[in-house]
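For reference, the structure I am asking about is given below.
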């Protein structure tokens, strides 16, 4: 992972200045969420809330750092930088996300950190990491950090606006919807990027790079139910979000494999189709995951997502590549 | 991952037809398990049940998709297809498993999906994935899908029969036993398959393939306590299942390393021994994991499993290979 | 992974004798912790305790077996032996740790196994695995097993002493401190070991070895909040331990990337810096993780840890290498 020489001072100075600014802002604005323990609720119930959601937070954490990090390693040239820069951007993004999202919801002039704030901070990095996929290898770490600042700030505003427009009780649900819509658009930008397979020159590397990329794919695929349910309303809504995402993802795998095998030369499966299309089931069901759409409704969404995503990737990519010639 | 040309239409048509049939059956039979929230129990307790077991479900999920997927990557030739086809078969199998297991336990003509149903659906794929190891590279995806249909249907019947024969209160326990017995037989078929090491031609690939396979091995090894305890009776039985599996697996590692070093030429360790034998501890303790066998009882089971599995693998494999000459 | 011929009988005999001794000691001293269920507490609450902490235990388990196992794979020559021997030593160490720690806390002459005992057993292996990094490739499995016996015995005594010196209510906290201090010293021994990069001869291997090592790094980085909080007092202290570690680690990433880019030739990032320095944030905040240091206090600790660790690694390593010439 090498930076051009003119980066030598720009990047370290920017990174350290940003970190110092964040520490100062944290010193002024951020404190622990201790209301859980001094409020009218009994403490046992609230302890459970933090620890009950902590495994879902860790699942999301694995998706952000392992999932997105390794998803891009099939681009051999950018393999390590993918995982390394992914770590840098996400570690910065979650701090910035705490501040940007928190400033819209101050309590007594303070941002109070609990498990939901941490989950949302991880979420806010996801949009950046997805855009990151589209520009991989074309931008410097300095540009990536600046992109993260802008994108997370806009994301936090969108999210606040979504919550503001919705009725108070559906606020949480609207947040997911706004996120899901944004996420879907960003995902599309990644899925249909041109020249994705040009890095595949050395067969041996492809073999191992594909396996590394499958680590990313699988952890995203497996933990997507946690992603879609982590900030849902507790109880039945949260459980429906888990169940719906589970079945949508399962249905999506079958159609993605089927369509990939159909459109590829000689019925070969294209692993990039598999990777992208299997995830389409999680993205597509995201906006209505916590609703009573029924397990079969979730499956229909996954079924269609698998088809559209694979066809879209196949023909849009080919179209773009032909245009470029 | 390439299919022969005559597969071009067979596989996609089968996959899509199966998925459509499953969606229709889900539309007719499957709904969310909402009893938790409207029943006589208070909702907080039941919410906890779903979220309390959700981390164990995710551990099992990781075992199925990452564990079994990467376990077979040491067969270099089938590396990606191992992980990819594993995903296809498991994603189909869990949907089919929900239906086959659920049809034996209808409530008002419906299958009600909760966290235990999801764990059992993942379980039902495990038997197929293990058989999959024995036929890797010899069967087409079409054959794999058909095998999954047949095997999961039989598994669901066996499981129901086990529950039917047992007294009502030990039903859950019997289910585990039946599963464990089945599992053990299937595991044996994998462990002692001939020609396992013939793929090891290129030293460089072996090095990396071994590391990929260790990802599978370790996630299976680490999360086996969740596998053996996820559907155990809550409370002490579930805790004993976790503790017993934890110690059986630990004891098994030492004897597997010891015996492997003893029987190999010049005291070299054979990594395939390590992989298979370490897992034997989890399989062997599976049938009595939730019983009061004592931590030292669990260790004795792991101790013996490590010895038998490594010796069996060494001498049965050699025998078969000599027979073939 | 090959042993010299004189190892042929030493290692298997030692391993099997040790395992038999442990099984006998377990038969005499170890039983399940059933107090939870027969005590004055209601059983639902206590069930929750085991299952509430179980996900944190599994995070620690992943750190021990995947995290430490893969962290060392960047030393290509020792790649598989790193993951394999790590498994051997940790599986032995956790059994020995249960005995050594438990003998100081007998209840009616028995060691009662619950989830906290299992977490502590995993912890006790961490010190050995860290020392293991410093001697990788220089010691035989026999020496490693003997080292594990000695080191875990001393660790258990230190831990007991720390608990004895502290006031009763801060016992748990003191245990973490003692562990943290020990851990820090051991970590330093690893971080500043000479000749770390000499294995990097083949560019192709470096690429893949770096990715394997990043698997270790990321699982350690992601789950460190679980490591620092798993045995903290339930409630606010445990939550502060999670929040503090989360932010310390995030801040540490930025300064480690910045300093690495600054001190390296032409602003190149050294991946070994990234790996070690990012973890420094977790180690540094470990001793005070469950205290009310504020999120910004945790960030300052991570900020400084990232700088010191990267500078230390760069200049101490270089110094040692020059001395050797």
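Labels for the chains are A, B and C, by order of writing; each one numbers its residues from 1.
Basically, contacts are C-beta pairs under 8 Å (C-beta built on N, C-alpha and C of every residue); 3 or more make two chains touch, one makes a residue touch a chain.
Chain identities (UniProt): A, B, C = Ammonium transporter Rh type A.
For clarity, every value in this text was computed on a predicted model and none was experimentally measured.
Peer 1: Between 0 and 180 degrees and rounded to the nearest 5, what angle rotates subunit A's CA atoms onto those of subunit C?
Peer 2: A turn of 120 degrees brings the C-alpha atoms of subunit A onto subunit C.
Peer 1: Is the contact between subunit B and subunit C built from the same residue numbers on each copy (over half shared) or from different ones (under half shared)?
Peer 2: Shared-number fraction below one half, so different.
Peer 1: Could you please state the distance in Å, as a whole number, between where the Cα atoms of subunit B are centred and where those of subunit C are centred?
Peer 2: 29
Peer 1: Would you pick out the residues of subunit B that each touch at least 2 other chains?
Peer 2: As it turns out, subunit B has residues touching two or more other chains at 48, 52, 55, 208, 215.
Peer 1: Can you list the subunit B residues touching subunit C in their complex?
Peer 2: On the subunit B side, the touching residues are 45, 48, 52-53, 55-56, 59, 204, 207-208, 210-211, 214-215, 218-219, 221-223, 226, 234-236, 238-240, 242-243, 246-247, 249-251, 253-255, 257-259, 261-262, 266-269, 271, 274, 278, 292, 294-296, 299-300, 303.
Peer 1: Would you pull the subunit A residues touching subunit C in the complex into a rising list?
Peer 2: Subunit A reaches subunit C through residues 1-5, 7-9, 11-13, 15-16, 18-20, 22-24, 26-27, 30-32, 34, 36-37, 43-44, 47-48, 50-52, 54-55, 58, 61-62, 65-66, 69-70, 73, 76, 79-80, 83-84, 87-88, 91-92, 94-95, 113-115, 118, 141, 205, 208, 212, 215.
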